[in-house]
Structure formats: C-alpha cells, structure tokens
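My structure is below; once you've seen it, I'll send some questions.
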C-alpha cells in the first residue's frame, strides 16, 4: 500500500499519504488514536470505502504487484482479502452456521468448505454448540469469534481485523488474540490488525505502524515499538520510570512526530 | 447557508417558463393578442374585417373527453363519432342524410377541438379555457363531476354544452348542459316499472336495493325523491351498496349483501368496467334471473350494453339496461348512417362501441346549434351566446334518424332533449328491446 | 452566499437581511412588475396556468417546511389541501362566512387536521410516517364522501363567488392578482419562518432528531408545529383552488398530486424556499408541455398520449434529477451563480 | 352464518392477493432497504401483459405465463440497473421518490401502449368454482389462492435452502459484510427487483382475470403497502399474515359496517388505511417488524 490519500464525499480528507506493507504470513498491527484513519485504511484496502461515499484520491494498493485500489469490494474479497469489521457485524437473524456459510460464499470447493467449517469449530468450540441458533443471541465475545470465523471461511490470504477486542472482557480479549495468533501460525494467513489495545496487539504482531491524523508517524518492528517510550506513554498508559507525563515530553513527542512525517 | 437567493434565478426561471409555454402553444392557431373575452373569437386565420360572406370560416365543435380512466372506451368512441361526422358534414354540406333542407353555408367548414381531461374536474376547467381561447363556441362534458365543475362557468360565459352524462344536477337550476339521454332517475324509474309488470308474487312487495358505482355517476340516484318514487310504485326499499367504478377486486361482499337481504331487483348506474366483473361474480354466486337465487340487475347507463353483451355472452343474460341509443343491429336510418360513415372513413378499424352513435348525436346537436345561429348572425362573427340562445335553445324536433328514441327538443330552461326511456335487455348474448317508457320527472326542476 | 463580491455583513442583523444590494432590490422590483403585468398580455389559458402555479407554490411552501426543513416526509399533502378546500366551501356556501374570514379559517382547520394526523410523528418516521400520511389522505377523502349532508359527497359543492369588502373577486385577472399577492406573501412567510427559532429547530430535527432533542429542542412540539404550519399553507392553497373553480370536489385533489409536490421539492431542491418556486415551475410546465404536444402525438400513438406524457415527462425529470442532480435546480443554480459572485475575480 | 363465511372466504382470497403483492415489496426492502412504491404498478403491468398475451395474441395459458414472467424479469432487471443502482448510498427519500417516479413512468407507458381503456380477458383461466354448501368460491380467487401459496412456498424454500437465498438474506442484514465476503450486492439487488416484478405481474395476471385490466389496478399496491406496514417491513411471514387478516377484515367491515355508515360505505377501500394508522400509533414498527435500535 503506497502513498494512499483517501477522502469521504470528495471533501473530508482522512488519509494523507499512508504507506504500509504486510508481508506474507505476518501479523502487522496498526495502532493510533481514535479518528486517526485506521478504520479508513482498512476500508480502503478492502474496497468498502466506496460503499460509504468515500474514495481513494491517489496512490495505489497492491496485492502481489496487482493493483486493487480500483476494484469493487466483491472482487477484492475474491482475491483473498477478508475483513472483520469493527463492532462485530454478525448477521443477526441468520443462524451461526449460515453466517459462516456467507463467509464461504464465493468458494466452490465443497470439501474445502466443509473442512474449514470444522476447523472454525475447532478454533471456537463455543460457537459449535450454537450452530443452529440465531446469531443475534450470542454474547459479545461469541459474536466476535463468529465474525472471525466467518472471515476465515473465505480462506483468505490476508485478514483485516478491525478492533477485535472492542467492548470485550479482558479474559475474552486474551482468548481472541490467542486464536488470532494460532490462525496466523497454523494457516499462514497474513493479518493487518487495527487495535486500541496496543499491548495485546503488539504482543502478537511482527511489525507495527503508528498512525496519527491520517499519517503514519512510526514504522518499526513490533518488539521495538513495544519498547518505544512514546508508544508506551501515549498508547499503553505507562510512562518511562513511572513518572507522570509532563508538558516537555509531550512537546518532544509532537516535535518528533512532525519530523517523522 | 440559507439566505435569500439572487432573484435573477427566479427571473431566469420565469423566462424559461415563458419559452416553454410559448413554444408549446406555438404552431397552433390560437392567437393570444386580443383581450380574452369570450366574444372575440373570430377563429382560424380570419382577417380583421370580414367584408364578403364568401370568406372561408372554420367553426369548431368538440370539448373535453375523458380518454383516460373508467370512461375511456366510451369517450374514445364518442370522439370517433365526432370526427367522422365532421368529415361527413364537410363533404356533404348538410346536417344528415335525412335533412336535405338543413344545409351548411358553402364557406363554413367544421373542425373538432378536444382535450383529454382524464376525468379530473380541474383539468376539465383548464382545457375548457384553452379550447375557448382557440375558438370553440360550444362545449362538451365527459362526466358528472366535470359537468358540475363546469356548470357555473358555462352559465357565466353563456356557452351551451352537450353531455354524455345525464346527471339530475343538470336540471336544477336549469342550466345549459344539453343532454340526449334521459336523466338517470328516469332511467331507473323505467326499469322499476318494467320489473313490476313481471312481478307475480302477490304475497309480498318486491324488494329493491341500489347496487351502483361508487362515484358521482353512481350516487346520482341516491336522492330521497327516487326512493319515494320506488316506494310509491309498491317496492320495499332495502338499502344501497356501492361498487368502485373500476373494481380492483370482485364485488363479492356487495353481492353477498344483496343475497343476505333478499333483494329482488338491484338498480344502479354502472359503466362497463364496473358491470362486467360485477355480473360475472353474481353469476358465480348463483345470482341472476335464471340462477338459483332470483334477482334482476338493472343498470342505467346507456353506453355500455354494446360492449357488455358480446363480452359477457350468456353470462350477461337478463341484465336490463335503460338506455337511449339504438342497437347496432337496429335498422334505424341513423344507425345505417353511422355504418355508412364508418365504411367510408375507417374501413379497417370499425368502432363497435355504441357511444360512437352518441358521438354522432352530440356532434350533430352542436353543428345544428351553430347552423341555426349562423342563419341569423354572420358565421365569422358568431359568439358563444349566439350559439346558446339562437342555436341550442332553438333546436326543435331534431331527428337523429332513430338513434335516439325520440327527437330532440330544447329550450331555455329545458336542457333535457328526449322524452322517453328505451329499455334493452341482454338475452343469449344479444340485445333485445323491451319497449319505451315515459319520463317521470322525479328530479324537481 | 448570494452576494456580489465586495459586500460584507458587518453584524448579524445585516447578515440575516433578505435584501442586501441595490441589484437585488432592482431585480425583485422588475420581477414583480413582470408578474403584475401578466394578465395584460397573456392568454386566458396561460393566465389559468399562472394562477394554478401560484396556488401550487403556496401549497408546496408548506410541504417544504414540513419535509424539506423538518424532514417529515408527507405524502398526504393534497389531502390537507382537500381539507382546506372543503372548509372554504362549507364555510362560504353553508355558513355564509365572507371570503376574508373563510380563507384564514380554512387554513386554520387544515392546520388542526394536520396536527391530528401529525400526532403519530413523534413515534414514527421515515417510510412509516409516509404511509401514515398516505392513510391520512385516504381517510380524509373517505370522511368527506361520508358526510354528504355537509360536503355534498361525490357531487361536490358549489362555492359562491368571493367578495372582498364589497369587491367581487371575479374574472381571471382579478383572481390571478389575488393568488399572486398570496403567493408572494407565502414565499416571504416561508422564508421568514426559517429564520425564526422554530425554523432553526426544524432543521436541527431534520438533520438529527436525537441530537436535537438532547440539545433541548422540544421534538414533539416542533414536529407538531411543523405539521401545523405546513398544513396551513396546504389549507390556504386548497381554499384558493376551490374558490378559483368555484366548486369543491374530492377529485380536484387527487392522491398523485401529493406525489408531484414531493417531486417538485426534489427537482427544485429540498429545503430551499426559492427551490420550491423552481420545482413547481419545472414540473407544472412539463405537464403543460405534455398537454400541448399530446394532441399532435394523439394522431400517431393514441388519443391518451397527452395523459401518458403528462405522467412520463415529469416522472422522467424527477428520475434524472435524482440520478444526476439530487440536490435540485436550486443547487445547480447556486453553483452557476458562484461565478457571478466571485466576479471580478 | 353463510353471509359471514362467504365474506371471510372472499376476504381470504383477496388477502392472499395482498400478501403476494406485499411480498414483492418486502423482498426489495429486505435486500436493499429500498421502499418500492411502484409495486402496485407491476401488478398493473401484469394485467396488461396478461391481456396482451392471452386476449390479443391468443397464446396458450402456459406460454403466456412464461412470456409475462420473461417480460417481468427484463423489466425488473432494467429498472434496478438504470434507476435504482445509481442511487446506492442516497437518502431514503430519494429512493422512495425514484420508485414513485417509476410508477409514473410505468403508468404513462401503459397509457401510451394500451390506452386508458378497460380490458378483459376472462374465461381464459379454467373455471372451477368450488361450492361449499351455500358458499361459493370463485375460480379466480381459488386459482389466486393456489398460485399465491405456491409462489410464497417457493420463495420461502429458496430463501431457506439455496445459496442465492442465503446471499439475499445476508445482504438484507448487512451489505458491507456481505460485499466483504465476496457476494455481489448488485446481483442481489437486481435479483430482488426481478423477483418482486415477477411476483407483481403474476398477481396482476390473476387479478386481471377476475376484475379486468385498467390503469386503476395499481391502486391495490397502495393497499398492499398497508399490509406491509402492518406485517412489518421485512417479514415475509408478517406480510402473509397481515395480508390475510386485512383481506378478511376489510370484507367483514364492508359487509357489516358499510350499511351503518352515514353515506353508504366505501369502507372496503379505506379500511386498510384506518387499521394501518391505528397500528402505527400503538406499534410504530408494525406487528412483526424488526425493531432496529437507532444509534445516536
């Protein structure tokens, strides 16, 4: 993804020259403050931006050197990119299994679908019990599992995960992240993870980007980001040496940020 | 930013509007330069001063037609009658084959002006203004609400009109909408009298109810005088059921109600689009003169029998219609005249609807009014008031060659042209005449 | 921002003023002179068209306040016109009220009926509200037919010629002037309503009713107020139309009129007072065009061509506007005018 | 009692017709959140097409049905592609206005093609009147009942068990998710319109056989909207239930209440609207509608 500028309604510019890269089979975390353009970035990749009167003004998005930034979301999905949207978009009035089948809609290999269905149930044994149940009645965590499972059913190469931990209990967050890691390791699916829970995200990611106001301000391997003082301070709520943040440090960060961008 | 906009915008739109409006009327013959009084109309391209009587003059007949909506088929046939009749008159310069003495001046030709009011009173009024400005000195009315809407204007502008409808409201106050069919209440009275002749059960009074269109037409008979007259004849009046003018579902409920209330005679004003599904459903429910449940349906709109009978076949048996027009099978002179015109002007698309005859009658009435008036006033200088007072109101004993049951006679305060009702019945898919009945004058004048 | 460059507002009062430059006053004057002289040169039928357009403008202003500004989509507007029309007819024909008293009363009655049917509007919106207003139309229609003693049922009701302080409002030109005055008045009132507290509340409700409520806008009160004001306009227009035809009949207010009114808002530009005028002109003139070219098409297609066309032409206009210019003529014009405003830059 | 049963059964047949038309509406709404006011005009179109194929061209019934459906498929597809697709993402009112304008165009075209006249083509459908004692069920109503039931069952099966049905249900719930899953939303929309058009014209052919064909036929669409509201916008089962209920209630009201009215009735025409406004006052989302919580 290179130098993307995106805007809503042709006026509201959200992304200003964002460039990022997700390697094969890697987990990349995209972190940053609210309204920074993280979700927009994901939607730009998956093509859903166009369904919200948004558009990519310039730049290009490549998947294996093929440009996908002009394609419809359906076509992008077909190329193996599958998005898990923020806020658990389960299809409430469909049963759990129907939800999963929607994920596998574009696939024609019946055997593969069946095997993947089984695998999803192995990853998330909890939702197996509810397979015939209308999914609107699942708990928040189960719904999150379901949507991840649904994205998985498309047999994707790249999964875009938008805030999978939102509104979940800490224990559930851990469970979800463990499974994300597992999926990544067992199936070799690349992941682009947008997360507020920076600690958890960087815990499983290989690489991380920090985004501010539609720009990438930091771009480093995950372990180095984890140790970055600014990241710690502003996104994880831990400041160096436990001291309270002060104005000078804030200024220092702003300066640094501007310099970087 | 909601603040006042530059008024240039409005000016621009008005200019645009004018361009559209003017280009719309452009090409037509209406001149918009003179003051719009009803008396100014020297129609066509007549020069400012007509010195010689030989100057060609075009006189217009016609008016509003409801070519869309429930009356569409009726009005389309009427229009065809108008158009053919005008061609014939222009070719032959006499009023009708049986009137060699009623000649049309050589310099006068007739033309038809019309507009489709789609059965909407407001459209009627707009078209009326439009046609008037184009030089139409008469008017025609396509239905009762339209007639009601036009009534005051016609009186104010002193314009005489012919009508396809025969609303009781035209009589009171005496207006200038001239009818050629008996007023609906008289039609109903005729059916009631006919039915009573065949009533043999002395143990009880026959029970009568209205089964009528849910429209101004249908509700025309819902007046106290009508009910009083039926009771005077010896009926027991049960009530009324209304069927939408064009039903979107079969009127089973209304028919079941008649059955439930043991009605013997159902009277109503229905036009073809309403009566076909109604009778079909009645037959299905086993209701009719020859069915398990004995009931007679009498309808009072002359227009539809010629369409109704062939379309319904045996199913329509026993339906009585109080009409006024001769059947196509009749050997009346007027019907032969109609056939002759059709053969000449539309050899390939013959109009089978009986309202074609109505068109001839109406057109003939209008032409006669214009002819009568132009014997007294220079045709180029005719006004609508002339046509009303020296034309329509002077028509005496005008023969329609048997299309109508009696000759037409009008006068000031007498817009009702005929004085008998002709009854017809469907028997074996054919139309059979049951005879004529006098008018009973049920509506107080 | 309809001002030539170089004109600035120095305080709020100035900013909100309707007329700001001499050019505006001038063009307004010209327009009024133009409108006032129409009866002198226009033909009878064109005068009729102008009068009907004037009446429609009054009615659509009401719908614009209700729908364009308050976001309450009503598809029963011609039903409320019918209420006003019949109120006028009954008050002047049966009660014998003079014209100047019957007219405002008709507007008021239509407004009250509007409020009655607007009552569900607190709980429902969107399509449900549209259907509630559709119901309102059919229920009003039915009730009028039922109370035959009062309304004349399907026969309709004849209305005596109006007199205004002894002066008979008779003849097309006189009536045209009456409608013209009222239409200009309605435009000013509509414009001014939007500049009041209520007008701002309407817009807030349209844009986000929940947010408006949180901000302390009395949702129910203002919604009913919008219904009331919108229906008063409709009632006055209905009364004028009945008075114009000197006849009241339910078929004078067909259901499809409500639909055309909404179409006029779409074509003109939802929510804009001047858009109302453009929209009414555009749709009415298209319908006129159809009736003008219809008879010549009648030879080729069928005698009903005029009616077919008068449905197809405005419908197509609405479709094209929805696809290519969803914000209406007003917006297009605004962009066009942008050049003029920036002049000489 | 006979009177009551007769009314009830007629109401049932009428109600099934309402349900059929309402279903067309519900399918479009479910899939694309569009309110199709022109559904009644598909019915009118069906009537005229039935008239053309059966009475003018004298095609056999089965061929006519196929031809009518073929025209409906094309019409539904074209309308969706040309008129509705450009509006994706526009506000609700724009879509509603679009379908109203479509109604105007369809009506205008019908007038241009067929004139404003009343047409009939009865006696084409098999006449099998069913007599239950004193009650008789007209054949068209009976056929209508059977056909509606078949159509509804087929649709239900399709939604429940086919992949395309799954896609349509999924799109109905969340367009972004389904598009993200590779389901072509445009295909689903087009299909919804096609199904709605087909359902509408089939209803029209049936209705035309009963009461003839005229421009006024589209009015039944407005009544069907009352059914839709009553049943909830997105519930097919609700549409069927509300359709039957309204059909029966309307008939009973006309039969028993009309004579009590000050000016003799016409209650059948307005009854669905009265019921609708009452229901909206009490249950703003209809009887079976899904209540969507609005997010601030």
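The first chain written gets the first letter, and so on, giving A, B, C and D; residue counts start at 1 in each chain.
By definition in this document, a contact is a pair of C-beta atoms (placed from the backbone, for glycine too) under 8 Å apart; a residue touches a chain by one contact, two chains touch by 3 or more.
Keep in mind it's a predicted model, so treat the numbers as computed, not measured.
A.B. asks: By that same contact rule, can you tell me which chains touch chain A and chain B alike?
C.D. replies: Where chain A and chain B share a partner, that partner set is D.
A.B. asks: Weigh B-C against B-D on C-beta contact pairs and write down the one with more.
C.D. replies: B-C
A.B. asks: If I average the CA coordinates per chain, which chain comes out farthest from chain B?
C.D. replies: Taking each chain's C-alpha mean as its centre, the farthest from chain B is A.
A.B. asks: Go ahead and note the Å separation of the Cα centroids belonging to chain A and chain C.
C.D. replies: 51
A.B. asks: I'd like to verify one number: the distance from the centre of chain B to the centre of chain D, where each centre is the average of its C-alpha atoms, in whole angstrom.
C.D. replies: Taking the mean C-alpha position of each chain, the two centres sit 36 Å apart.
A.B. asks: Could you please state the distance in Å, as a whole number, between where the Cα atoms of chain C are centred and where those of chain D are centred?
C.D. replies: For chain C versus chain D, the centre distance works out to 32 Å.
A.B. asks: What residues in chain B touch two or more of the other chains?
C.D. replies: Residues 67-68, 72, 76, 118, 214 of chain B touch two or more partner chains.
A.B. asks: Could you list the positions in chain C whose residues touch two or more of the other chains?
C.D. replies: 153, 303-304, 307-308
A.B. asks: Multi-chain contacts only, two chains or more: what residues does chain A have there?
C.D. replies: Within chain A, no residue contacts more than one other chain.
A.B. asks: Name the touching chain pairs, would you?
C.D. replies: Those chain pairs satisfying the definition are A-D, B-C, B-D, C-D.
A.B. asks: Which of the residues in chain B end up touching chain C in this complex?
C.D. replies: Touching chain C from chain B are residues 1-14, 16-17, 20-21, 24-25, 28, 30, 32, 36, 65, 67-68, 72, 76, 79, 114-116, 118-122, 125-127, 129-130, 132-133, 144-145, 148-149, 151-153, 169, 214-216, 218-219.
A.B. asks: Once bound in the complex, which stretches of chain D touch chain A?
C.D. replies: Checking each residue of chain D against chain A gives 88-89, 163, 166-167, 169-170, 173-185, 290.
A.B. asks: For the complex, which residues does chain A have touching chain D?
C.D. replies: 46-48, 51-53, 72-74, 77-78, 82-83, 85, 89, 91-94, 98, 101-103, 105-106, 150, 154
A.B. asks: Under the stated contact criterion, what part of chain C meets chain D in this complex?
C.D. replies: 67, 73, 117, 119-120, 123-124, 126-128, 130-132, 134-136, 138-139, 141-142, 145-149, 153, 210-211, 214, 255-256, 259, 262-263, 266, 270, 301-305, 307-312, 314-316, 318-319, 322-323, 326
A.B. asks: Using the touch definition from the top, list the residues of chain D that touch chain B in their complex.
C.D. replies: Residues 2-3, 6-7, 10, 14, 17, 111, 115-118, 120, 122, 129, 136, 138-141, 207, 210-212, 214-217, 219-220, 251, 254-255, 258-259, 264-266, 268-269.
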